[in-house]
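First the structure, in the form of structure tokens, and then the observations on it.
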Amino acid sequence: MSTELLRATRARTLALAEPLSDEDAQLQSMPDASPAKWHLAHTSWFFETLVLQPHLPGYRVFDERWPRLFNSYYESLGPRHARPQRGLLSRPSLAEVKAYRRHVDAALADLLPFAPAAARALVELGCHHEQQHQELLLTDILHAFSCNPLLPAYQAGRPAAANAPAQRWLQHAGGIVDIGHAGAGFGFDNEGPSHRVLLEAFEIGNRLVSCGEYADFIAAGGYREPLLWLSDGWATVQAQGWQRPLYWQPDGSVFGLHGAQALDPDAPVMQLSFYEACAFAEWAGARLPTEFEWEAATALQGFEQAADQAWQWTRSAYSPYPGFRTAAGAVGEYNGKFMVGQQVLRGGSLATPPGHARPSYRNFFPPAARWQFSGLRLAR
Amino acid sequence: MSTELLRATRARTLALAEPLSDEDAQLQSMPDASPAKWHLAHTSWFFETLVLQPHLPGYRVFDERWPRLFNSYYESLGPRHARPQRGLLSRPSLAEVKAYRRHVDAALADLLPFAPAAARALVELGCHHEQQHQELLLTDILHAFSCNPLLPAYQAGRPAAANAPAQRWLQHAGGIVDIGHAGAGFGFDNEGPSHRVLLEAFEIGNRLVSCGEYADFIAAGGYREPLLWLSDGWATVQAQGWQRPLYWQPDGSVFGLHGAQALDPDAPVMQLSFYEACAFAEWAGARLPTEFEWEAATALQGFEQAADQAWQWTRSAYSPYPGFRTAAGAVGEYNGKFMVGQQVLRGGSLATPPGHARPSYRNFFPPAARWQFSGLRLAR
Amino acid sequence: MSTELLRATRARTLALAEPLSDEDAQLQSMPDASPAKWHLAHTSWFFETLVLQPHLPGYRVFDERWPRLFNSYYESLGPRHARPQRGLLSRPSLAEVKAYRRHVDAALADLLPFAPAAARALVELGCHHEQQHQELLLTDILHAFSCNPLLPAYQAGRPAAANAPAQRWLQHAGGIVDIGHAGAGFGFDNEGPSHRVLLEAFEIGNRLVSCGEYADFIAAGGYREPLLWLSDGWATVQAQGWQRPLYWQPDGSVFGLHGAQALDPDAPVMQLSFYEACAFAEWAGARLPTEFEWEAATALQGFEQAADQAWQWTRSAYSPYPGFRTAAGAVGEYNGKFMVGQQVLRGGSLATPPGHARPSYRNFFPPAARWQFSGLRLAR
Amino acid sequence: MSTELLRATRARTLALAEPLSDEDAQLQSMPDASPAKWHLAHTSWFFETLVLQPHLPGYRVFDERWPRLFNSYYESLGPRHARPQRGLLSRPSLAEVKAYRRHVDAALADLLPFAPAAARALVELGCHHEQQHQELLLTDILHAFSCNPLLPAYQAGRPAAANAPAQRWLQHAGGIVDIGHAGAGFGFDNEGPSHRVLLEAFEIGNRLVSCGEYADFIAAGGYREPLLWLSDGWATVQAQGWQRPLYWQPDGSVFGLHGAQALDPDAPVMQLSFYEACAFAEWAGARLPTEFEWEAATALQGFEQAADQAWQWTRSAYSPYPGFRTAAGAVGEYNGKFMVGQQVLRGGSLATPPGHARPSYRNFFPPAARWQFSGLRLAR
């Protein structure tokens, strides 16, 4: 773990919050999303609770009343403020939360030069944890802004025009492949143990499905044809009245970090649920890849848009790898307890911090979730 | 309508928002409550829409996109931002809303010297409307703060110690009484037409029920004895797990504008639902007065705490008076359309603006509502 | 109380259940409705629990496990099977419930010749209670049948053609009137105490609003115009997608005891909620009468369709009369605890047992309830 | 497909319904369960719609109004009566549904001697489909009876005492194994295509977890320790107040086909959700097997209670096998569209028809489902 990683990570989080007013930073638009201010505080609480309290002698907790506010879901770390009510915390203020960050940063600076390996490993985990929240900060503020009829823009300017390569199928011969994280670099526990998987031969798209292609699916009546959908998906389409991706506006524009912009047919389609991804694939005479196919395919020549545009729904449910055991203590709650009812996404997105993702990385969300930078790549 | 009323009302609203940070002013803790910022904007929208647009030639709407954000419930005035999502409006900012207020104030200042009587009447209505929102601003921010485990105080200091007079029964002989608003001063449409009501003789308490008396009811098992409760009330007690008034804390303190404070047994009990008020009265061998009894009783010698402590639930459902007709246009939506499913409260509270209430004043809330400054006075 | 009333009442309940199969008798189509079999058993439980157990020495309870199944809502009489699950009681069978009825009937026959006055009064109450359930048995089975796409008919044949007199306004001069039940005959506790009410002069329709008139309201867009509706009513119209009365079918027919039949424009409109009744009245430039106006108007020359067609929503919320006190014990739960959140209906319907209703009779249902034989009479 | 299979299957369904009264046969205790009468009709509708209408010239549909009542979930076969309202169909009667069965049986008898292979394949599918509903008929009536405080017994007598072999671990060396259905016999589409899977070495229990072992888990506080549970599981435990398996009674007895019986510590624990199975395994220091491990383990010496006691939750989400494609037409809706949000169960239960299950058989239910004969076998 490099000290530079910690410094850069902590600084980047603050920079991401820079365009937000105090009011923006408090927005919580649904129980699944959190306020930006909460992300800023929670990531600090993580270092305070898992690193500083056990490893820095004499560390003074910034405010004894705060841990219950900023513990996300760790049952082993005490009671928690109810998740759907994070947006009701006008106090502490954004300024106070920033002071909290400085307090934690200073203590980490004290600790690091003398930190034992176990502590350094936890600091590294804390950095990768904070990077995850960096992306969530963006997806969550975007969702909140999408609920405001004024459709505020997080960022000025316009997105760069997309440049979609021609769609073609890449061939994979199948066979036994190595799956999961191995080697010296950082990996989350859910990426291991590294193990072998036997694949049948398959084909996979060289790039993501584009907005133009998805618009064709809509125009062909994709949202009105039940036979294209998984049963749960069709029920959701009807119950929620889905007619297009989450941020596609009735006027034809697409909402994003730059506010509402004209739809770019070459840009990858995003803010899709797993259900929509499956229905599109069915309509296109294809399917989604499994997470193992996806990981194996990253080594293929011509595999584009791997991790820089949108996370890619896979046909794999989020399950433990053979031999997976959760760690003892709070860290064991990090990933394992979510391994049911979710689908794996692979890759990375335009909102993923640089250097955060890797081919073995396993992102996961429930199949109806739509507010992430989530798209799809076809297989067959 | 005096120009001074307008000036004072507009200034007082701003003063009430003064202790609030930008983040506080955006809090919405439940669909029934609104952010302080929204109250500031909505009361300005009311003047803009009902007074300035029809009556001030050349008036420029401050922002064409805002009326849909700040229309509360007027179907005749176009589409509205969904009520439960008022807390998601980080934009416009509090500063922008204050600029909106100045814009409207300036236009009203232009209009008033030359305003026709119809316009002046609407300005007067707008002032009384804004006074209602002043109380709601306080009840709503108090509810929001009560959802924060830190229990922030709106106001520094401590409340003045209460001074409860001895409880005694005042006698009213019954007979035909005049009910409703009459005469030259302002009254809302729901206070009329003035009419006669025939009352049986009754007795009414000289003051409100105190916290000490209510604590006895709790200690006697009041929240566990179904026979004391209306059927809907008992169902609510069980479904919501009610055990004490909304702001009474498990540690024995009572939350209020000054934060959590020691319970004052002489202070009137507040933040009660109609259901709780009825159950207490049943336990005390008494009942709630009707709104007509209450209004008639205000003339009795010794009738204390009429309008300065807490609104008083009555046994009367909120219904139209004989001959009541709603006005044409948007103003007609002000009161009449809510005349079902609610109970009348009479009096006024410590949060009611000075001069706002009067004996004929009819406040109303659903029977399960608890977040108002609402208590009770017994009758029999 | 005449022995003949008991005999006739008990026999009539059985006769009403005669057209029903065992399967029909078990249907529960919503929490507010009960299976016919349950009505048969509950009315017997009422006699067993309130009359036979306290007053017939040596009475043997038919089955010790049944009281909890057939207690409706009496908190003072022990735990109860959850109301929404009454339709899950395939056991006891209809045949067993009929045996229960015979057991109770035999015991009542033993008791009556020697019954003290208090017991005879409870038997009389039990008869009127059972008559109420006779109407509910019909409204509930009708609702259940309406949920079956086959739309089964409870009764063969066709309803008699209606004969609507010309609509005209009857005048009432107002003044002090006597309201409530007085004299020797039976009356429920909620009809008293008899007392005086001061009325303003008013006009009231000589008959009920007809299906033809209501069809005009629909054709004029009544279900699409928010300004005609109470706020809660309009919210319900939108949430439930109401477009016509509950049993009016999309094909223009009207479902009823005889199955789906052609709409008869002269027949009174029924299966209306209070909200719909109010919206119609608003559209017609009129209003609903209060329950006091209604009661006073029954004495007017030309007041037709008083109690033989449909219950008539009034503008009065269901509240206690001056001096009303609930009785001690379980009987006290009969009416008083429902006195909030409901509107009073007056009159009687084609499903009301002969002799059951009277001018002082107060029926009551929540404002959104639609499955009763409930219509309206205009006032102004 | 043998004619005998058809005859025996159809007869067995009727025999299973024999202990049920008309009232029992109509019970629907939750949206996920269906009335026995509906199962009787739906299985006939399946033959009528998929076999007789396309393949028997001149076939007369029994009642043109019924297909919409008894179509379960086939979007391609027209509109359907809402699933949660199946219990409201008192008409057609049980007798009429039995006549429907005879009508369909007679037509199938006419068809079979001359049926083309495609038709015979559909008849075979219909038989296996009906066998699935035989088990559901039992699980559904059992759930309905469990909601009746009288706890009726489906069957007289007592269950045979269980005989649990000593628990021991069976070893599997891992490697490439063949998974899925292959060969001549019948298999559902979701069991194929047959393919190879690479397994790590593992151990698996020789028998199911017993009631005695599960009681130890409860006594050890298993339902109160969040760290044993998946996150969704713990949320469900809290929201539903789970404290023991679905049919374990507070008095220590266990409800089942023979009514409430004393808990047999040697009998396999059943009516467990996936969440409970996982929590138990975690507590026991083990895990659930994957469906592939389970299938491979059936070949091990000493693998007991494979398919005769309880279905066995696996750690595998229900996903398509490599190369799986749904068939064209309605048959394609049979399995594929449910391949998300569910967990695979393997084996078979005491309620599974003889000859129905096989090692490649994939049963599936959502992770919170508890009303099946579902237990668990440990792995590690």
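Observations, loosely collected:
Order as written gives the chain letters A, B, C and D; numbering starts at 1 within each chain.
By our rule, a residue touches a chain if its C-beta (ideal position, glycine included) is under 8 Å from a C-beta of that chain, and two chains touch if they have at least 3 such contacts.
Bear in mind that the values here come from a model prediction, so they are computed numbers and not experimental data.
Among the remaining chains, none touches chain A as well as chain B. Touch-path distance (fewest steps) from chain A to chain C is 2. For chain B, the chain with the farthest CA centroid is D. Centres computed as Cα averages put chain B at a distance of 57 Å from chain D. One inter-chain figure worth recording: chain C and chain D are separated by 44 Å, centre to centre, where each centre is the mean of the chain's CA atoms. Between the Cα centres of chain B and chain C there is a gap of 36 Å.
Looking at chain A, one finds that none of its residues touch two or more other chains.
Contacts between chains close into a ring here, every chain touching precisely two others. Each chain pair that touches appears in this list: A-B, A-D, B-C, C-D.
Looking at the complex, you find that chain A touches chain D at residues 73, 75-76, 176, 195-200, 202, 226-227, 229-234, 274-275, 278, 287, 315-317, 319-320, 322-323, 332-333, 337-341, 343, 367.
Of all the residues in chain C, the ones that touch chain D in their complex are 21-27, 29, 65, 68-69, 81, 85, 87-94, 144, 147-150, 152.
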